[in-house]
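What follows is subunit A paired twice: with subunit B in the first complex and subunit C in the second.
Our next item is the complex of A and B:
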C-alpha cells in the first residue's frame, strides 16, 4: 500500500526547491509552493508515475486541484476506481 | 494594402464562414464579426481620436480580439495587456506608457488595481456600456514636448534588462509584412482551424496566429482553461484543430502525456520562443508522426518572425534556426559590428520591413538595439556550410525559460532588497524540459540565518511565477573578475 501523501510530497520536492517539511499541510496551495503552470503539469505526470495511476481528464480541471489535499483526494479516488 | 484592408477583405470574402468561438460557446461568422466591429468602431470613433495610445484588457481573448480589430480600424496605437502575468506587471506598463484610453467590455473586467492605476494616470476607461470617466485627455510630457505622434502601431511589452518592462513599437505595416513572409512557408487557409492558447499580448500570437488566422479566413478557437495536456489534447481532437503554435516546453509536455489521443486532424505545428533541444524534437515527432513541425525564430522587435526551419529538417538539424524569411536580410557581426568570416560565430543582425521603430520612451535602449536600420538581436549564431543558421546562446545574460524572457537582474534586485542577502548571482543553464532553467546562488549575511526555503519565500512574494528559480544554492563565494564585477556563468544552449 503506497503512502499517497508522501509520494505527492516527494514529487513536489523533486520539481521545486526550498520547502520546509512543516509547509506540507493538506490545505497548502500548490501556487504557494512555487508551482507555476509548467511545473503543475510536471507534478501531475510525476504523481501518475509514482502512484501508478492515470487520471481521468474530467477530474483534471485546475480549478478543482488547487491544494495538496485536492491532489491526495484525486489520487485516492483514482486508486479506488482502479480497484473496482 | 493596409492591415485593415486585408482584414476587411477577408471578413467580406468569408462572411458566411465561422470565424471564432465566443465565450458562450457559439460560433461567430466572419460576417457577424464584421458587424460587431463596425458597431464598436462607430461608438469608439466618437471617443478616441486617431493617434491615441489605447490599452486593451479583458477576461476572454475573443473579447480582446474584437477590441483589437476595432482599434486597428481606428488607426490608433494599441497596447495589449495580459492579467496572466499579474496586476503589478500591468501597472508597470500603464505607468510607463500612460495610455490615453483603456478599452474593455465591462468595468468589472478590469482588475481593480489596474483600474485605480488608470485613474491615477489620467487614462480614460471605455467599456461597451459607456465611457466611465470623462476626464480630459492628458497627453504625456514626452508627446507634448516633441509634438510626436506615433504611426499606427502596437506597443508590445517584454521584460527589460533593468527589471522594468520595455515597449517595442511595431507598426501595422511591420506586422502585415511579417504575415506576408509567414505565408511563404506556413500555409493557413479558410479550411484550417487554429487553436490559440497563449496570450494575445505576445507578438508571436498577435501576428502569427490571430491576425494571420483572420486574414486567412480560418476558424479560431481559444483554449482559456489552465493548461493540462490531457484536456488540451481532447480539445484538439474533439474540435478537429488543424494548426497549433506553441513553445517547445508546452508541446513537449503535450507529447509526454500518457493518454491515447492522437489528434488525427492536426496538420501543422509551429514551435518558437525558446531553444529546441534535440530530444524534445524527437519526442514530439514520435508522438505525432503525421504532423508537419516547424521551428521558428524571432523576437518581438521583429514583429516577430525572423527565420524558420523547414519541416523536413525538424529533427535532423540540431540547434538550427533555419533560413531568413523572404523579405529579411541578415548579417553576422563581431563585437565591433564587422561581418565575421563565413562559418564564424557572431551576433545575428537583421534588416527588413518587419523591424520595429524603437522602444517607447527609451531612446538609449533603442540606439543600442537599432543601428542604421539593423536590428541587433543579441543572439550568437553562425552560418553553417549548409547555408542554415545555427544558434549558440545570448550575447547578454538573458535567460529564456519556457518561452519567457527573464533578465537575471530582475531576480537579483528583489533578493538584494532583503537584508539577509549579502550577494547574489542568477544565471541560466541548459534544461531540455524548459529550454533553460533559472539558477540562484546566494551568499547570506553572516549575522543571520538564511535557508533555501527563505530565499524561495522572497521570490514567491515578490516575483511572477515564471521568474521563480528552478535551483537555489547557498554558497560561500561568487566568482568576480579583477574589477570586482560578478562573473555570471556562461549561458549556453548546447556545447
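Our next item is the complex of A and C:
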C-alpha cells in the first residue's frame, strides 16, 4: 500500500532546495515551499513515478492547486480513476 | 545634493502581460492615464521557422546577443505603439518628441557612459516621468536570481536621492518571481546596468548580452486617442496574419505555419524513436518550447482581455469568440506543461499529446479568425452603407 502523503513529502524534498518539509500539513501552500509552475510539473512527474500513476494532461497546470491538501486530493482522485 | 520621487506610480501586474518589459511599459502607461490592455495588445499570430526550429507570435522567441534592435524588429507586434530603432542617447538630437502622434512612442536608448545615463534618468524623474531601466538580475539583491543567474530584466525607477546614493524602484513582474518596491543603492544599480550578462543555453552555446545602460522612455502626444476604428484595425490585421496573408519580418505566418510546426513535431518523434534525446533536444522541449507555449497562451489571454474591454457593438457575436479564446489559451498552456514533462521524463510518446492539442488549437483558432473576419466585414459593410447614405443626403 502506497503512503501517498509520505511519497509527496519525498518528492517535494527531491525537487526543492532549502525547504525541509517534515510533516504533511494540508494548509501549507505550494508556493511557500518554493514550488513554481515549472517545479510543479517536476513534482507531478516525481509523484507519477513513486505512486505509479499518470496525471491527466489538464492537471499539469499549477493554477488550480494551491496547497498540499489540493495536491493530495488530486493524487487520490487519479489513483481512484486508475483502480476503476 | 538633490532628491526627487515621482508619486502615485501604480504597482502594476497582470498575468496576461507579455514579459517584464511589457509589464514595465504597462506600469508607466497606467501612470500616464492610458489603458495598457489596448496599447500593448499585439496581433493574434503564430510564426515557425523550420531551419532554426524557433516559434513565435509576431517575432521569433530566440536568444540574442544584443540589446540593439532595428525599427522593423521593434514594430512587428503593436498597432498603437511606435518604437524607433535602439539608439545611442544624444542630448543634442530631438528627444521627448513624438514622431507619430497617433501612437505611443517608446524610445530605447543606450550609452556606455554611466554618468550620462544617470543624468538623463534624473532629468526624466524631475519631469515626473518614471524611467524603465534594463538590469542584470544577477546583481539585484531582492531577486532569487541574485548571485546565481544572469538575465536581462526591466524595472521602473521612480525616484533618486543623491545624498543617500539610492534609487527608488518598482519591480512587480511576478511571473519571474519579482515583487519589490523600495530603495536600492546606486552602486548596485550601476553594476547591474553595465553587466556583460553572460548567458548559456544548449541551442546557441555561450554568449553575452551587454546591457549598456539600456533604458526606455515613453512619451504620448496630448491628442492621442483610442477609438473603435483602431480596435478594428488590430482585429483585421490579426485575421490577415493568421490567414497567412501577411509576411512578418520576412516570414510567412499564421495557421499554415502552425500546421507545418505540428507536422514537423511528428517527424521529430520518428527521429527520436531509436535513441535518447540529446542535451539540445531536451532543452528545446523542457525550456524553449515550454516557455514559448506559455508566452503564446498569455498572448491569447491578452487578446481576450482586449476584446472584452473593447466594448464593441458586436458584443453578442463576440461571446463565442471569447469562449474559444479561453479554450485555445488553456490548450497552449497544456502544450507548455506537456513539453516540460517531455523534457523531464524524456518520454517521446508525449509528442503525440502535444500534436493532438495543436490539432485542436488549429481548428479552434481557425474558427476564431473566421468569426472575427465576419464581424469585421459586417462592420465594413455597415460603414460603407452609412457613408453612401451620408453622401446621398
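Following the convention adopted for this analysis, the second predicted complex is superposed on the first by the 76 of 84 C-alpha atoms of A that agree within 3 Å, B and C clash if a C-alpha of one lies under 4 Å from a C-alpha of the other, contacts with A are read in each partner's own complex, and residues count from 1 in each chain.
By our rule, a residue touches a chain if its C-beta (ideal position, glycine included) is under 8 Å from a C-beta of that chain, and two chains touch if they have at least 3 such contacts.
Just so it is clear, the model here is predicted, and its values are computed rather than measured.
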Looking at A:32 after the superposition, I want to know if it touches subunit B, subunit C, both of them or none. Which is it: first, second, both, neither?
first
For A:54, select first, second, both or neither according to whether it touches subunit B, subunit C, the two together, or no partner.
first
Counting residues of subunit A in contact, which comes out ahead: subunit B or subunit C?
B
Under the stated touch criterion, which partner chain does A:19 make contact with: subunit B (first), subunit C (second), both, or neither?
first
According to the stated criteria, A:84 is in contact with first (subunit B), second (subunit C), both, or neither; which is it?
neither
For A:41, decide between first (touching subunit B), second (touching subunit C), both and neither.
both
Dual-contact residues of subunit A, meaning touching subunit B and subunit C, are 36-38, 41-42, 44-45, 57, 60-61
State the interface residues of subunit C toward subunit A in the complex, per the touch definition above.
177, 290, 294, 330, 333-334, 337-338, 340-341, 344-345, 353, 357
Can you check the complex and tell me which residues of subunit A touch subunit C?
36-38, 41-42, 44-45, 57-58, 60-61
So, in the complex, the side of subunit B touching subunit A is made of residues 225-231, 234, 249-250, 253, 256-259, 402, 433-434, 451-457, 459-460, 465-466, 468-472
Would you pull the subunit A residues touching subunit B in the complex into a rising list?
16-20, 23, 31-32, 34, 36-38, 40-42, 44-45, 48, 54-55, 57, 60-63
